[in-house]
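What follows is a set of structures to go through.
Two complexes are shown next, each including subunit A; its partner changes from subunit B in the first to subunit C in the second.
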Partner chain A sequence: MTLSLFDGLTALLLVILAWRCLVVPDLFRGIVLFVVFGLLLALTWARLDAPDLALAEAAIGAGILGVLLLGTWRALGSPRSGETPASSLSRWLQIASGLGSALLAGLVAWALHLVPGSEGGAGTLAVEELPLPATGQPVTAVLLDFRSYDTLLETAVLLMAVVGSWLARSSLLDAIAGNDATTDTPVVPALVRLFAPVLLVVGAYLVWAGAHSPGGAFQGGAVLAAAGVLMALGRVLGTAPNVGWLLRLLMVLGLLVFISAGLLLMPTEGSFMAYPERWAGLIMHLVEYALALSIALSLLLLFTGAPGLRRLG
Partner chain B sequence: MAGLDVYALAAAVLMGLGFHGLVTQPHPLKRLLAVNVFGNGVFLALIVLARRLPDGPDPIPHAMVLTGIVIAVSATAFGLALVRRQAQDRERGDD
Partner chain C sequence: MSLLGALIIVCGLFFYLAGTVGMLRFPDVYSRLHAVTKADNVGLGLLCLGCGLLFQSWSKAALLLVIWLLAVTAATVGCHLIARNRLQQGDDAE
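Presenting the complex of A and B:
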């Protein structure tokens, strides 16, 4: 009974936070509410037996996305962008949109209520067929073994997003560093020196832990990227106008290792991304570490928005 | 499915809210937030469905949502870069 009360409150809070985040006129408050919404969502994932997602949501969804949103809010900067203008749509169109959205919500709720739990579906099959000796963790194993294409293409999408934001030429770090007084205090560099090594260790641990408990390349990569963001904000890392070849190599390392592991084993295994049973665990680990490095760098570069990185001191 | 699943309801309402926000909000940043709220509603629906398996949660929707979170952040980050660029160009046009 207490748990159902907890569930009810969590679901209600999720809806209220999402609603407030969308209707509040002040952009800054909207973003903060969105970050809180993300954290509550992470709690919801943990409650719904999805600890992997809880970690990913807290690190990527609320953490990295929150930094990106706040940075962009800062970069937009001009006083009139603080308050968002009221909708330009006429009252009737807004009401029509509201009714349509309510209808959509109603239909989705009805559909979700009707869908039964499917026995003997893909999920049951996947759980039975998992190469358990390779990785004892179902989500990581499903991602790398059954849904390799998803993981591969998702890393490619991340890379494309980085290339896209390079093309947009709107460096976030340079835009906010110009008018920033907070990094002049001695506290920030000291805190960065204190936190960055801990974050790096936690990130590496999450990648390693992905093999047998919640964690994995994406969660670990996001924490590593967060360490990078902290160093960039504390002026330990700065932006550079050019991409060094080492940085480029590290960015595509995940994709390269993943694709070559898939291609090189084709002659012996017969199909793309089929791994021999004996080596599956080792290959998965290799791919995970390479992916984590590339993901961390890509997320960090999405934050800085500049093509290169350099050490400031 | 006995009883009413509050999380399924919340997922449906989040989708409705996100869609309404996307249609009516004029500010591009707010629209990005709305798209993300909609996406989170879809993720919540998937995870609710994953729990209806009799023996333990289904790892496949979990893996799909994990992929989805990363894709959503990539797309949003790209959208934010475009928003910043648009603001830059507008400032330059005003001068």
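Presenting the complex of A and C:
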């Protein structure tokens, strides 16, 4: 009873937050609402017994995305509140598109209702077919085995996003640091010295834990990236105009390991990304660690907006 | 033991309520910051203490203690930065 009350309240709050996030006129408030929405969504995933998704949503959806949005807001030169341009759509067009979306949602719900559910759902089937049923964490195994092609492309998309931001060449961090009075207080470096090691350990733990409990390359990578963001804000890490060979290597390491593991075993296994049963666990670990490093660096570079990194102090 | 834990949690929730009311009702940024950081830190501490009592396990209690310490540190620094920013920008930017 109490729990269903809690769940109902959470669901209601989610809808209200999403609505406010879309209609609020002030950009800054919208970003803050979006972060709160992400945290609440993470709580919802945890309540739905999906701790992996909860971790990913909290680390990437609320954490890293919030930081990226706030950085962008800073670089935009923070227009005063209330200056956001009004929607260019006419009132009737808005109503028509709203009704169309509602109709589509209704049709999809009806169609999904008609689909016959299989015994125990797709999840049971997937877990039965996994190569390492007893030992491994099913979510990680599904991500790196069944969905390996999707995971590979997701990582490639992230890499392309970083390359795209390099092409755009607007160094967000420098724009922020140029007129920032908050970085010269001694409190921030003290906080960085205290928090960065903790974050690094938590991130590494999440990657390691992905093999047997909730966690994994994306969650761990996001926490590692958060440690990097903190160090960049605390002036421990600085931006460099050029990307060094080590950084390049680390950024493509995940894709490199993933693709070569898939390609090298093709002669014996017969198809791309088919792993022999004996080595599947080891290969997935290797791919997972390499992916985590690349994801962490890519997210961090998306934040700094500069191609290179260097140590400041 | 579980009764004591529940009682402490309720006390913690009261502090959260007080902090939230303070944030909504206090007139300026500094007193709002004061309300939120002070009351919420105490509230979170009591929540952690209560949960630790309910779990009845030393390792979970230690984890909760670490979480509380990290949250208190982060809240302190966040409060410092917001107050400092406001002081430097002046009070006109409402």
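Assume the second predicted complex is superposed on the first by the 285 of 313 C-alpha atoms of A that agree within 3 Å, B and C clash if a C-alpha of one lies under 4 Å from a C-alpha of the other, contacts with A are read in each partner's own complex, and residues count from 1 in each chain.
Rule of thumb we're sticking to: a contact is a pair of C-beta atoms (placed from the backbone, for glycine too) under 8 Å apart; a residue touches a chain by one contact, two chains touch by 3 or more.
As the structure is a prediction and not an experimental result, all values here were calculated from the model.
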First, second, both or neither for A:191, with subunit B first and subunit C second: second
Touched subunit A residues, subunit B compared with subunit C: B
Partner chain in contact with A:49 - subunit B first, subunit C second, else both or neither: first
First, second, both or neither for A:39, with subunit B first and subunit C second: neither
First, second, both or neither for A:253, with subunit B first and subunit C second: neither
Which superposed partner A:57 touches (first subunit B, second subunit C, both, neither): first
First (subunit B), second (subunit C), both or neither touched by A:204: neither
Touching residues (chain side subunit B, partner subunit A) in the complex: 1, 4-21, 23-27, 29-30, 32-34, 36-37, 40, 43-45, 47-67, 69-78, 80-85, 87-88, 91
Subunit B-facing residues of subunit A, complex: 4, 7-8, 11-12, 14-15, 18-19, 21-23, 27, 30-31, 34, 37, 41, 44-45, 48-50, 52-53, 56-57, 60-61, 64-65, 68-69, 72-73, 75-76, 78, 81, 84-89, 94, 97-98, 100-102, 104-106, 108-109, 112-113, 115-119, 121-124, 126-127, 138-139, 141-143, 146-147, 150-151, 154, 157-158, 160-161, 164-165, 168-170, 172, 175, 216, 218, 295, 299, 302, 305
Interface residues, subunit C side, partner subunit A - complex: 70, 73-74, 77, 80-81, 84-85, 88
Of all residues in subunit A, those that touch subunit C in their complex: 181-182, 185, 187-188, 191, 194-195, 198
